[in-house]
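Quick notes on the structure that follows.
We call the chains A, B, C, D, E, F, G and H, going by the order they appear; numbering starts again at 1 in every chain.
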Amino acid sequence: MPLDNLAKKLGVPKSTLHYRIKRLERDGVIEGYYAKANPLKLGYDYVAIVLVRAKYGPHYHERVGRKIAAVPGVWAVYYVLGEYDFIVLVRALNREDYMHKLERLSKMADIERTSTQIAAKILKEDPRITV
Amino acid sequence: MPLDNLAKKLGVPKSTLHYRIKRLERDGVIEGYYAKANPLKLGYDYVAIVLVRAKYGPHYHERVGRKIAAVPGVWAVYYVLGEYDFIVLVRALNREDYMHKLERLSKMADIERTSTQIAAKILKEDPRITV
Amino acid sequence: MPLDNLAKKLGVPKSTLHYRIKRLERDGVIEGYYAKANPLKLGYDYVAIVLVRAKYGPHYHERVGRKIAAVPGVWAVYYVLGEYDFIVLVRALNREDYMHKLERLSKMADIERTSTQIAAKILKEDPRITV
Amino acid sequence: MPLDNLAKKLGVPKSTLHYRIKRLERDGVIEGYYAKANPLKLGYDYVAIVLVRAKYGPHYHERVGRKIAAVPGVWAVYYVLGEYDFIVLVRALNREDYMHKLERLSKMADIERTSTQIAAKILKEDPRITV
Amino acid sequence: MPLDNLAKKLGVPKSTLHYRIKRLERDGVIEGYYAKANPLKLGYDYVAIVLVRAKYGPHYHERVGRKIAAVPGVWAVYYVLGEYDFIVLVRALNREDYMHKLERLSKMADIERTSTQIAAKILKEDPRITV
Amino acid sequence: MPLDNLAKKLGVPKSTLHYRIKRLERDGVIEGYYAKANPLKLGYDYVAIVLVRAKYGPHYHERVGRKIAAVPGVWAVYYVLGEYDFIVLVRALNREDYMHKLERLSKMADIERTSTQIAAKILKEDPRITV
Amino acid sequence: MPLDNLAKKLGVPKSTLHYRIKRLERDGVIEGYYAKANPLKLGYDYVAIVLVRAKYGPHYHERVGRKIAAVPGVWAVYYVLGEYDFIVLVRALNREDYMHKLERLSKMADIERTSTQIAAKILKEDPRITV
Amino acid sequence: MPLDNLAKKLGVPKSTLHYRIKRLERDGVIEGYYAKANPLKLGYDYVAIVLVRAKYGPHYHERVGRKIAAVPGVWAVYYVLGEYDFIVLVRALNREDYMHKLERLSKMADIERTSTQIAAKILKEDPRITV
């Protein structure tokens, strides 16, 4: 319903805007629409950034990366080129909840070592892209 | 417009759903609505996780954290308790664009050292909270 | 026998104080009473903080943590989230005594590496909780 | 009042035991008597081991060590010979409380860097010396 | 064809110069002649310095070093005495191309770990020896 | 004089080849021609890879990078994104010669720390680009 | 033959001095007499301090320590409590000679990793004890 | 007085041996003669290897190296090329004595950081050169 407002603001006819948006959706630029929720208000008090070292093997970054991505609470997995192999962002309700999630990671035979950095304070967390 | 569908799926009257959503917005649980865009399709080819060491001082984590958060391209800033002080997520169009952003960080007198981890592959990046 | 004094100081009847203390004992808040000894005067000249890395496996932190806790001289075992897995506090009579204790730790198949930090000087060691 | 029991158990007359205990107190071996409380039940949910690097200077380990020891919540300070200078044990009620304590440490001009290790689980914490 | 110019510049007869050059070739001092190309202009946008840790074994530095040297894109392999075993210089067209090359390195059973340093900027790269 | 041979091998007329080479020179793809010398035979026995940490400041990577590049013996300077700032390749005749070059680096006020990795063995060093 | 001089200097009769020296020899305080040679003049140009990490096992520090001590050129082996397990001092004629000695260390199944620090300059090396 | 024996063993006349030894002394190969004492029996119970980081400056390795060498108890100082600048060997009577020596090192304005490795066990310490 902000479509009318947006069309006015941009100074283009509503139908043109509608057409362009549909095209962005079709091209995969826009992947969906959703509500931005505040994690803290939903009780997610434990935010962790985990540095993961994996065991080497063929195409290990794909295999291991996907397994990590499947763990509940894990919302970002980056394969990086540095001292660690993956940087993983995890959200949990509290320490106990986090311990369960970390346990799932530690159990994986592919994982050599993890180093958890607890976010003591979130100064910014806004993945929206400004265009 | 998914409101009708959602009401049907959850099995509650549309008005009840509307009321609850409005309350979540009022309480700050829902912060807004937006389209989830695919960064790669928008040309953002450079994703970096920067580990930052700051110089110590009174309330330094608030002061320095906010300055880092103000740099364009920086979309997450976490103050952590570990060998580094901040973990910062940055999005850039390409290496040159990233170098400009990194230059802005390096120039800050409060920053002692940064260590950039380039994400060679993004296996998952979905900050949406499953409820 | 300080019960009389304590009752006077707090300004409550001795019986009330007695009742409250019994309740704290029953709830597990007070675990016991004992004499605080000075370790140095008892000949414990070697104080070490050992950083331990364990091998990963299911629920490893419980299993390995308990085995470490069972070694004589080990009086604190913390499972931490960082570059190391456990931080262990050990008390020994002298270097030779410490070497025996360290040998017991090193022999465990679950332990990958230890790093001993000898306390050259104890500036404070008072685990009593101020209420 | 366990004096009677203890005398029976050790098989020595109560007066002898009383005499020996008084002598231990006079020599500083016994520093006092107190109740061992369970920190978790008292609400102390945040246990941290902080590795501290200080700036070098004359007798710095004494000066800086004492300043650290004076921070509320800090119950042990060890000056060690390794990559870090001090290992500090801190007890706090929760993350916010811990952040205040950490702020006091970070503000000190003598302190170069701290690295906090949060104890995710305490497998043992018993400073009583077995004799 | 620079031979005439060079002879004039050095002030020696062309035949003497020709003789000396042939002798340098015969002794292996001069290994060949070639055109110095500019890698950037040829599309080689990804320059990486990889720090490699290998698994120990008899004459491992020879064996493993040669296998690394055989990977396309690898143009320098140094066996060093430090925290890492080999420092490897790699040239690739882009990130995807680099990922293929890194995959070939990671797959080797002899390799324990690699740490890639992406050259964000080349300030100098001139292996010619000034005589 | 290999022009005739090269033309035959590629199966193009000599004049076409000549024209193309001139164009590559004009476009900066070919920067020059020279003899590839064997450093060992020329007495260069000391090959070092130096990891350099610089002090941060505006555009420091350009300023400091150029100063490092100007030191005799330094033949490659890469500004990298990692724990170190620059990776520098140095060639020297022997340890004494290397010490003079390292002294020039250490003296720079912009340089915080260097870590030298001596190449104990060169398994490959061929910067020529295969086309 | 310095016995006469030493006796005069100390102001004791020669026979008393002789008796005391014999007693020191018998008690193992004096282990022998020898000439202090200058290693550099004898061609020992390569001095290295090797930091060694061993694999853990029962009494590993004795077993592995002795094996290391048996390698020619190794003149000191210290079992230390830190990030590494042994600090080893090695003397070699040149780099090639050192590489042979290092090869012998690397081959041992008990050794996990070594890190060589080449002494670029010896500012002092005098193990004689001043009494 | 072992001269006679040595001459017999080597199968050369005593005068020839005497002449050669005098020449080695004159050339500086032999620097003197002394008794090898056992440090442990002399009460030197604390052996430490200190890794030192110094502040950079012109010819710093000479200046700072000599200052370190002047500290009593320091018997070896090596300037190395690695993560640290100097490796220093120290001998002390006990921990208190060592603390005094370490204090002298820490006070130096040129020294940035030290990391002490206490030798828990000496498996070998014999600087004599086998010829």
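The working rule: a residue touches a chain if its C-beta (ideal position, glycine included) is under 8 Å from a C-beta of that chain, and two chains touch if they have at least 3 such contacts.
Note that the structure is predicted; figures quoted are calculated from it, not measured.
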Partner chains shared by subunit B and subunit C (touch criterion as defined above): A, D
Pair joined by more contacting C-beta pairs (A-B or F-H): A-B
Pair from A-E, A-B or E-F with over half of its contact pairs in common with B-D: A-E
Rounded Å distance between subunit F and subunit G, as computed from the means of their C-alpha atoms: 41
Euclidean distance of C-alpha centroids - subunit A vs subunit H, Å: 57
Where subunit E touches two or more other chains, by residue: 81-83, 115, 118, 120-121
Residues on subunit C engaged by subunit A in the complex (per definition of touch): 53, 56-60, 81-83
Of all residues in subunit F, those that touch subunit H in their complex: 48, 102-103, 106-107, 111-113, 115-116, 118
Residue numbers on subunit H that touch subunit G, as the complex places them: 1, 27-39, 41-42, 44, 47, 49, 61-62, 65-66, 68-69, 74-82, 84, 86-87, 91, 115, 117-129, 131
Parts of subunit F lying in touch with subunit G, wherever the complex brings them together: 95, 99, 118, 120-121
